[in-house]
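Shared chain: subunit A. Partners: subunit B in the first complex, subunit C in the second.
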Partner chain A sequence: MLTEKKLAPARSMSLAQLASRFRELGIAAFILVLAALVSLRAPAFLSVDNFRDILLNISILVIVALGQMMVIITRGIDLSVSSMIGLTAMMVSSMLVLFPWLPMPAAILLGLALGATLGAFNGLIIAVGNVPPIIATLGTMSIYRGMVFFYSQGSWVNASDMPEGFRRLAKASPFGVPNLILFAVAVLLLVAFFLRLTRAGRDIYAVGSNPDAARFAGIRAQRVIFTVYVLSGLLAGLAGVLWASRFEAAQTNTAFGFELQTVAAPVVGGVNIFGGSGGVIGVVLGAFLLGVIENSLTLVKISPFWQLAAQGLLILLAVVFDAAVLRRMQKRGS
Partner chain B sequence: MAKRFLRWEWLLVALIVVMSVVNTRLSPFFLEPTNLLRASSDFMEIGIMMLPMVFIIITGNIDLSVASTLGLSASLLGYLHNAGWNIWLAAAMALLAGALCGLLNGALIARLGLPSLVVTLGTFSFYRGLAYALLGDQAARGYPEAFTLIGQGRLPGTRVPYALLLFIVLAVIFTLVLRGTRFGRYLYAIGNNEAASRYSGVPVRRIKLMIYTLSGLMSALAGMVLAARFGSTRPDIGSGLELTVITITVLGGVSIAGGVGTMVGASLSLLLIGITRFGMGLMNLQGQVQGIAIGALLILSILLPQVGGWLAKRHVWGRATLLPVGAALLVAVAFGWFFFWSRGLMLAAQ
Partner chain C sequence: MSDAAPVIEARGLSKAFGGVHALRDVRLAARAGEVLALLGENGAGKSTLIKIITGVYQPDAGEILLDGRPARFTDTRAALDQGVAAIYQEPSLFPDLDVAENIFVGRQPIRAGRVDWRTMYEEAGALLRRLGVRLDPRIKARELSVAQMQMVEIARAISVNARVLIMDEPTSSLTQGEVEELFVIVRQLRDSGAAIIFISHRLEELFALADRVTVLRDGAYVDTRPLAGVTTEDLIRLMVGRDLAELFPKQHVAAGELALEVEGLGLPGRFSDVSFELRRGEIVGMAGLVGAGRTEVAEALFGVMPAASGHIRIDGHEVTVSGPEQAMALGIGYVPEDRKQHGLVLAMSIAQNITLPTLRRFARMGWLSGAAERRSAAEDATRLEVKMSSLDQPASQLSGGNQQKVVLAKWLSTNPQVLILDEPTRGIDVGTKAAVHQLMSQLAAEGIAILMISSELPEILGMSDRILVMREGQISGRFSRAEATQERLMAAATGTG
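And then the complex of A and B:
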């Protein structure tokens, strides 16, 4: 009986899995072609330093995009991540200005706690209040951003006010690799473990692929949905601390507009916007592709003003590509 | 259902009255027609974009790219003006570009069956990116006076701004189309059940294509009004306005799930937000802090209608709910205390 129950979803998953494998290979190939073309024009592209630059640039994106991915798997969206980053960056840096003796782990914990609280508010409105995720997070995006302005009355926390230890948090590399990259790798491993090997992680996929069936199977969908928004907030909180440390400043407009990239990375990386499928590898590849494009536009000396357009075009290409693959597969299947 | 939303519109009217009374007490200048009419011009671009947004949300879709389309067409206007084009020819091209932006959205959504949220999120950044690519970090200025009159001028002999007149004319047309034509009824049908309306012969694809093209055109028109009002264009013109447009539409009783909503409700909501913002301006609140109130209104407009339903359920008051509610309150109080405590310290230190 049990095996029968497991077989049915497994067969339907394989189509989606095949699509995402296909997608991941496609992006990897695209990155290689792009890298080859760019390195012809700018040989500096292939240097170790440049590679490290790209990784540094996408580390924060990967952290937040992983949270966004879990939200998207449950058929939701979290547009408030950028404002949560801005608010935690501002509050944690202010704390460190007031109490420079605070140890770094405490600063990180504070960021996690603040982010999780803001995320829990989103989760409450969405899971308990039945407000559609896009409306709820569009609302909290502007509420949290307003709170940043209210908190600081428009002023910034500058590098000169920050304790030395905090400025070094993201950039120091005691293990040979900058801490920022290590943070991203650690989050990546934790999220991969959580999604693949824990029951709560599997429940996220179940709720996303069929909420009604998940409910009948005894999964508390409401609780799962609440959890993903808390996790998204938690990761945004961590990102806020790292953002302030990396750029040595907390501004009222920190991370403004960043939510778009956090949605772009998973969507480009094959996380289905209709929920139920997607994985951490796709998110990393998606973020890496965005990073490579940004980096190569600079190296090939194309105006940085084209970057936003390129990013939007990439999202469109990704969804058009998805639709085409899906249609072909459905034709072959029937 | 019709009854329910009739009540919703009365609620909006009541809120408008309350806000007006509050504003009058805040400032004796509030009720002066000159002030009110001048303040109205801040909202006409938003109103113009709101009209097709009502159509789109009624069909159960969304358009996040309106403000970016506005930015692209206004930037194209500035670019062509800088290149020495005649302003009216440039404006015509900008309107055409806006319509094409909408057509592309519509084609991707209607022809390929892609979700409108993702498509317009993509074009949101694509169109804004093109605006930056056109103008870079410079601004276009020096539009002829005949053009800036669209945004700054008033009807001769009165204090009514041209932009307000334009909005009212458009609003009447959109209301008539929604209420009195087959096209309008099709919009509700699609929002209620897209598959069923397709099987009963509603040209769903063509209608989606039309409303998105219309949305692009109206966004471009809003871009012309805004550029004329500012007398200049920067590539970030109007960025973030999509949030306000969607907030006003949803607050106006247009359900994000589709199938429900009226143009009257949306227009009342526009008036309500306008008056609220104006009042907060009188209180010298910064624009970004006003965002707290707008965001809260958006969420409350969907939460509040449900509260009655929750309270009616007896089991809400059991132990199983009291515990999480208590925990949530505790976290909220702790967060609020920390927020104000650290803010106080920070402001004292400066």
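And then the complex of A and C:
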């Protein structure tokens, strides 16, 4: 019997692989088709400037979505990212108003530390308190947003209050490419390296793929889950600093509703919402697709309300596709 | 060898969960180079015992000795590091990770601070070759067959140089041939000096493999004996604590009228040209290897996945079964193979599970009458002697045997005339098994026609009036109770006759 079955996997394996490859190729193809169509109506779409605009627009999304991806791989979700961005943006900006001499690396570290702390609180509730992630982060999303109001007493930090150095942090391009894009690329490489080449990174996949088995294999699942929320917070903290710098403002509603996009990018990019699989390339493609859609709808002058609808439709398509592929694979496997 | 000091020894282990004693003063000792069978009914404490030995649980009292020295395993990792590995009953592979990573998960080879994938694939390949398994280490675990998964788990255990390997029912979902291959590997490991603790409900397997047997009952230690010179009856007596008159209480029932006729049933890619008949009062066994198409035939009869061609006649009337609801209306009941996936809604209560297929009966203008529902469920549960604290207990809290009884109760409540049972006693203990067999016999005597799919040949031989064997989607053998032997059935199932 064994000999009979030894032959089987080769075929179904290629099917499964095809499905996951097809996903990334599919998004890439979809982006190209969309780009071709849009450039017919609005030739400006194909300019270098516009391309840089798109990359600038999705850089923060990529950073946060990578954290979200790690959370989703463990079968979780972090809805509080938008509020963490808002809170770090507000607190770091206010700090810089009070102490304009603070060097930029210190501002970034402050954002990272603040984000990690907020993330650690999420992680504690979820990993130690055993609260379902969607509930825990729904709660902290409101709490952290409330803290923005409480901290700022409803007032905003405006461009004129910000030190020059801070306003240039995201936008300056000393290396020929805007810093913001470089930040995103750096985070991307670090996360890719972490997930592929460290045990802690592999543990994230293991815990998401089969939590019970992870325990039997001696992986401290609680710790892994705690870690992904800290990382998600950490990246949201970095995003908060960059957000304030890029838009030269910190408002009480900064990044309000942004959590949806951070979920959309990984899910559209093939990160399985049921956990266990997904990678950075998919997240980047997913974010890029969202960015292209937003950009092109603006260029061809379609109402921004359609953007939301288009984004929602994409998420649904992606999830339905995932479920269908999974079902097929399981049928073959059994 | 037999006088050697034990590699691993447990003494006076006790463990309670919320006031319920799962283990009381249990001991066990396994020596290097032996296979120790661990035997007991479901709920006897076997799983708790091995989970303590491997560090999943901490004992309330007692100690574990490794090479005669006290050892404390604070978690599975600590146990693994000291060479105590286990293959658990629950599937413990990671479907999204590949074979190599499944073997080395949590212990991936590191070079220069990074996971060294090349070394990992090489070592995984070497391990699999050592086990004589041809398997690409880059395949995702999701793609493996059950037998292949087992091999990967064994490879994982060997990769930690396990000196103590615990196998919790590794054969429950393997076919006879796969079991043989597994045993070859287990013997290899034993001969290389590992102590193996082997759990199985199939007694004949224990005789084929194990040197000694330790028996548990109700969370307590009963006895340890060499298997040579012990009979099946002895073991059952030790496990159950009383004499089991018969594990297979088949009553002779004169076959009645035709209840079900199947003619030329086919579904492309699944099965073809399947013809047989079932008479009232008959139990027809359906044997064959996993994947031979038995479950598919059952699902076609029940309308889960209707056949593409052929005829089905019930009480002589031609019918087409297009869905389970219709099958039930026609008097067909189907107890599926996988209790947890198809048979039960684990989160729902026992009462709700039992009345699930017959809910309509208790509904008046769309509103359920709770009292009537409970009365009917209580009747069915009592009839099957389901051991439960109340009808409101969630099905997930029941033992495997009792879950199976609830599934049976659920289908009996539909008053089936034709009952299809798919692996009715897989993974349940001897006591419950006997009870299920008793019930089948009784149902047949009441005039129900039963089709029993089973991979356990003793069960097929013990319970069937007639036996059908399937191979590669076709019926490859038909035997009467008198002419059937284990060898003949295997020959028909494998096509080597």
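FYI, the second predicted complex is superposed on the first by the 307 of 334 C-alpha atoms of A that agree within 3 Å, B and C clash if a C-alpha of one lies under 4 Å from a C-alpha of the other, contacts with A are read in each partner's own complex, and residues count from 1 in each chain.
The rule is short, and it goes like this: contacts are C-beta pairs under 8 Å (C-beta built on N, C-alpha and C of every residue); 3 or more make two chains touch, one makes a residue touch a chain.
Predicted, not measured: the structure shown is a model, and the values here were computed from it.
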Which superposed partner A:Ala323 touches (first subunit B, second subunit C, both, neither): first
Touching partner for A:Val263 - first (subunit B), second (subunit C), both, neither: first
Which of subunit B and subunit C A:Ile281 touches, first, second, both or neither: neither
Subunit A residues touched - subunit C or subunit B, whichever exceeds: B
Partner chain in contact with A:Ile77 - subunit B first, subunit C second, else both or neither: first
First, second, both or neither for A:Arg145, with subunit B first and subunit C second: first
Touched partner set for A:Asn130, first subunit B, second subunit C, both or neither: first
Subunit B versus subunit C as contact partner of A:Leu299, first or second or both or neither: neither
Touched partner set for A:Ile219, first subunit B, second subunit C, both or neither: second
Set intersection of subunit A contacts, subunit C complex versus subunit B complex: none
Subunit A residues touching subunit C - in the complex, by the definition given at the top: 1-2, 5-6, 8-10, 12-13, 16, 196-199, 201-203, 205-206, 208-210, 212-220, 272, 276-277, 329-330, 332-333
Parts of subunit B lying in touch with subunit A, wherever the complex brings them together: 62, 108, 112-115, 117-119, 121-130, 132-133, 136-137, 235, 243, 246-247, 250, 256-257, 286, 288-296, 298-299, 302-303, 306, 328, 331-332, 335, 339, 342-343, 345-347, 349-350
Residue numbers on subunit A that touch subunit B, as the complex places them: 77, 91, 94-95, 97-98, 114, 117, 120-121, 124-125, 129-132, 134-136, 138-143, 145-155, 252, 260, 263-264, 267, 273-274, 303, 305-313, 315-316, 319-320, 323
Subunit C residues touching subunit A - in the complex, by the definition given at the top: 54, 56, 75-80, 86, 88, 90-97, 101, 105-106, 108, 110, 113-115, 133-136, 139-140, 142-145, 147-148, 156, 175, 177-178, 181, 289-290
